[in-house]
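Letters A, B, C and D mark the chains as written, and numbering starts fresh at 1 in each.
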Amino acid sequence: MIDLGVSIAGIDLENPFVLASGILDENGYTLVEVLRSGASAVVTKSIGLEERKGYIPPVVYELPYGLLNAIGLSNPGIEHYSHEISIAIREKKPIIGSVFGSTPEEFAHLSSRMEDFGVSAVELNLSCPHVKGYGQEVGSDPNLVRDIVRSVKRKVDVPVFAKLSPNVSDIQAIAEAAIDADGFTLINTVKAMKIDIYARQPVLSNVYGGLSGSAIKPVGIRYVYEIASNFDRPIFGVGGITTAEDAVEYIMAGASAVQVGTAVARVGKRVFNKLISEMRDFMEREGFSKIGDMKGVALRR
Amino acid sequence: MVWVPGVGEIPLSLSTIKGRRKSITVKRYGIVSQALLKYKPGDRIFLRGPYGTGFTLTEERNLIIGGGSGMAALRPLINDKSFGMVSAKTGDELLFTHEFKENSIMIMTDDGSSGLKGFPSDYLESVDIDQFARIYACGPELMLKALYHKLKDSRPDAEFSMERIMKCGIGICDSCSIDGRQICVDGPVVRVGEINPDGEFGHQKLDISGRRIEIHL
Amino acid sequence: MIDLGVSIAGIDLENPFVLASGILDENGYTLVEVLRSGASAVVTKSIGLEERKGYIPPVVYELPYGLLNAIGLSNPGIEHYSHEISIAIREKKPIIGSVFGSTPEEFAHLSSRMEDFGVSAVELNLSCPHVKGYGQEVGSDPNLVRDIVRSVKRKVDVPVFAKLSPNVSDIQAIAEAAIDADGFTLINTVKAMKIDIYARQPVLSNVYGGLSGSAIKPVGIRYVYEIASNFDRPIFGVGGITTAEDAVEYIMAGASAVQVGTAVARVGKRVFNKLISEMRDFMEREGFSKIGDMKGVALRR
Amino acid sequence: MVWVPGVGEIPLSLSTIKGRRKSITVKRYGIVSQALLKYKPGDRIFLRGPYGTGFTLTEERNLIIGGGSGMAALRPLINDKSFGMVSAKTGDELLFTHEFKENSIMIMTDDGSSGLKGFPSDYLESVDIDQFARIYACGPELMLKALYHKLKDSRPDAEFSMERIMKCGIGICDSCSIDGRQICVDGPVVRVGEINPDGEFGHQKLDISGRRIEIHL
């Protein structure tokens, strides 16, 4: 008997496949469809205090082995988003509320509202541009990360995941700063860009964007492995997962569960059912009966 | 998705499909469409796609119901046997009316400045819809909604092209969704029989920030 | 008439395509073959003070869209390497000597020996593990970078290129620290890893490696664009260049010339001749007569 | 390239090529080969490749000259009409001698413990090399070098399999190069006519750090 169930920071999931933040999660009815397609939970789009239009399109660019995006954190603002959550929550599967901000107070307020709306956990998107510094991100400033995580933890009772940026020199210092979180989500997109040599211009209106998809899987595996080797916190692995083998790689690197983003566009929402059946096949073939039995087996301790 | 470098990118339909030369038809609206209208012959156009579903092509007799720039997407469907119900806000916004045979077109405008006054749905009863192998419609959502109610029982095979904000075109950003379906991938063309009258169609949509808004005239 | 010649920090190159460090540059006779295949110059393998065996194989792993490597800076030591340079230098094309170390003094000594051997420039590999910190690289410590570049500049007369790591939070701070260099080389590999889920182990004996090839091109473009936008130093663009269009993308982002690594393995040494003829075709089609006319045209100033 | 997880990866030749089941033959040498020798039937083997060039297969009469574990790479070439010159340091290191027909093999050892004493090159004159459609050799470089001088004029079509440190197997690390050619890609099998006697072959090679060393017996 193969059991796909996992538990991460106290949240029980019927399978390890969760929708990643920012992908098909703006509209509550879409979240419902994603959950019905097999996802065990969904992470919402990152929501801020105020309504934001995001960047003018082009906001995405497809590469052969990945996707560039600079959506620009478009969102209706936390109060308006409550309606979308109220639609999705009827599916009775965990909703993880993702929030972004620039101060600990903002993060704490947003997380607390998410809790009010009934989410099972919050995920702190610590990878947005940081107003204080220049060209820097909230997630690369350990002191700010520490304050944000602490403020949120003081305010909410649901588990808190810190989603870390891969665009840092020293991920261990950042994870150490975020150690009050109940778990980590690794990784967000890798800063990158594309120039159209015929238009002689950057393709994204924001110039810079985030790279996701297959191209970043080796980077994601590295971060999960490094954090799992050094910290005792459950991890959501995310970045380039398209097949169950990709998910297994993250789990063997130490992830408890995984999130899937770009593949939902590449394959469609049916990617979740595909992952579930591929995972069963893999476990059967390789003699694993529980997801937990694969967790961290590649770590050299 | 048509990109004007340095300006923006918007979803547009092909108004010519067959042959090597394609065309698009753009309505002067905001920043990107205005920039497109400045293009001269020989200028390079940047685009990606086409994405999503298209109308089922037919050489048989069909009914084409277009509102405003919605006619752009319908134009490739016009054949010798087509009958058109072409509408617009005012007479000078009417599109492609000359591409239909004489006596094979009904024209209407909101202000009555050209043809009949009113919407296509007001006059649908005046044509015998059973004679058409296919029925296609593209235009403002409230026009489609009115048509929906007149066609849902008799012609569930009629095809509507839907419009929403489209940022990615590839089913990832969720800005175009109706009832959990991404119109950029599973649409924009959908069959009347697939539409849920109690869902978002004709009632609500998300605006550019993702904020849910009611659809009014 | 199309002119492919470029000049970078005073070095004249007959075309913009240079062999990147660490690829087919251990043996002097191979450098000769690479130069005869059309490369306008070669960067040597990074050479240190002492002989090093590098890591036990597996030291490379092929991904569909890139290559992982952890060669481990194997090299014969600077004195033994002089013989390889003496073989290559007979081709009368520029040789750029790459060096690695952990202190400013080491870098200065190595660079000075390279100059004695007759190189046209030195390239400082600022991306090797840094002994002081943990999990950190020489290239992510601005103070160390500043000292290294200054010490080298004091010691040698040939142009000095600082090769920067993409594994940093704030590339602008590092470039600022390296501003005494005559030019920048961007980028080195992106830290990454791969687990073989059947062996249930990391594939590289060193666990972590560097990702190169197509997967990192959008990352390389971003770094070149960002540095070209903010600093007035010539740049070697490197990372995932396989076609002339890739090279044009780097040049439009602000690079003066480019280096080619992984593609030399993927396509073979004939990649240089392929790049040259593709570049001629592109420039003819697009109406460019000099490489310099394309330089930085995508920058928004 | 055969990988023993947690131990290392080394270049090995296939000693069976045809059919679904393949084989490798490993000489007990250092850490990886010793780890391989502990494998039991049913154990999983990890490998990548095959890379590079192979011997030209023939069903005609051929001459196979093998030194030590070099016989592993030569074994798939043995056919009914093959003649073998098989050598090793001592008698118990001789490989695949029983796969040749009786009277179709000459055996020699460095110490004379089995067959003739000496190297294959010492006895090459005793066979009529013109009778062979193909000539193949694999073994220590100094054996190949001695053979080279005897074959370069008469049989430039003879094929040698070369050995160097091989770290990547895909033409990127330069550890395997001879005269600027990567033996992992353009070799290991090369024709005698392509070899430059004044280059690195038989004279110099790079060791594991990339340090140039002289090749001695």
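Following the convention adopted for this analysis, contacts are C-beta pairs under 8 Å (C-beta built on N, C-alpha and C of every residue); 3 or more make two chains touch, one makes a residue touch a chain.
Please read all numbers here as calculations on a predicted model, not as lab measurements.
Note on connectivity: the fewest steps through touching chains from chain B to chain D is 3. The mean-CA centres of chain C and chain D are about 36 angstrom from one another, to the nearest whole unit. Note on chain placement: the centre of chain A and the centre of chain D lie 52 Å apart, centres being C-alpha means.
For this pair, chain A with chain C, the centres built from the Cα atoms lie 33 Å apart. Residues of chain B in contact with at least two other chains: none. Each of the following residues of chain C touches two or more other chains: 198, 200-201. Chain contacts in this assembly form an open path, with each chain touching only its neighbours along a single line. Which chains touch which is summed up as A-B, A-C, C-D.
The residues of chain A lying in touch with chain B in their complex are 23-27, 29-34, 45, 51-54, 56-60, 62, 67, 69, 71, 74-77, 80-81, 83-84, 196, 198-201, 203, 205, 261-262, 264-265, 268. Only residues 63-66, 68, 133-137, 140, 167-172, 190-195, 197-198, 200-202, 207-208, 211, 214-216, 218-219, 221-222, 225-226, 245, 248-249, 252-253, 286, 297-298, 300 of chain C touch chain A when the two sit together in their complex.
By the touch criterion stated above, chain D contacts chain C in their complex at residues 1, 3, 5-6, 8-10, 44, 46, 48, 167-175, 177-182, 185, 199-200, 206, 208-212.
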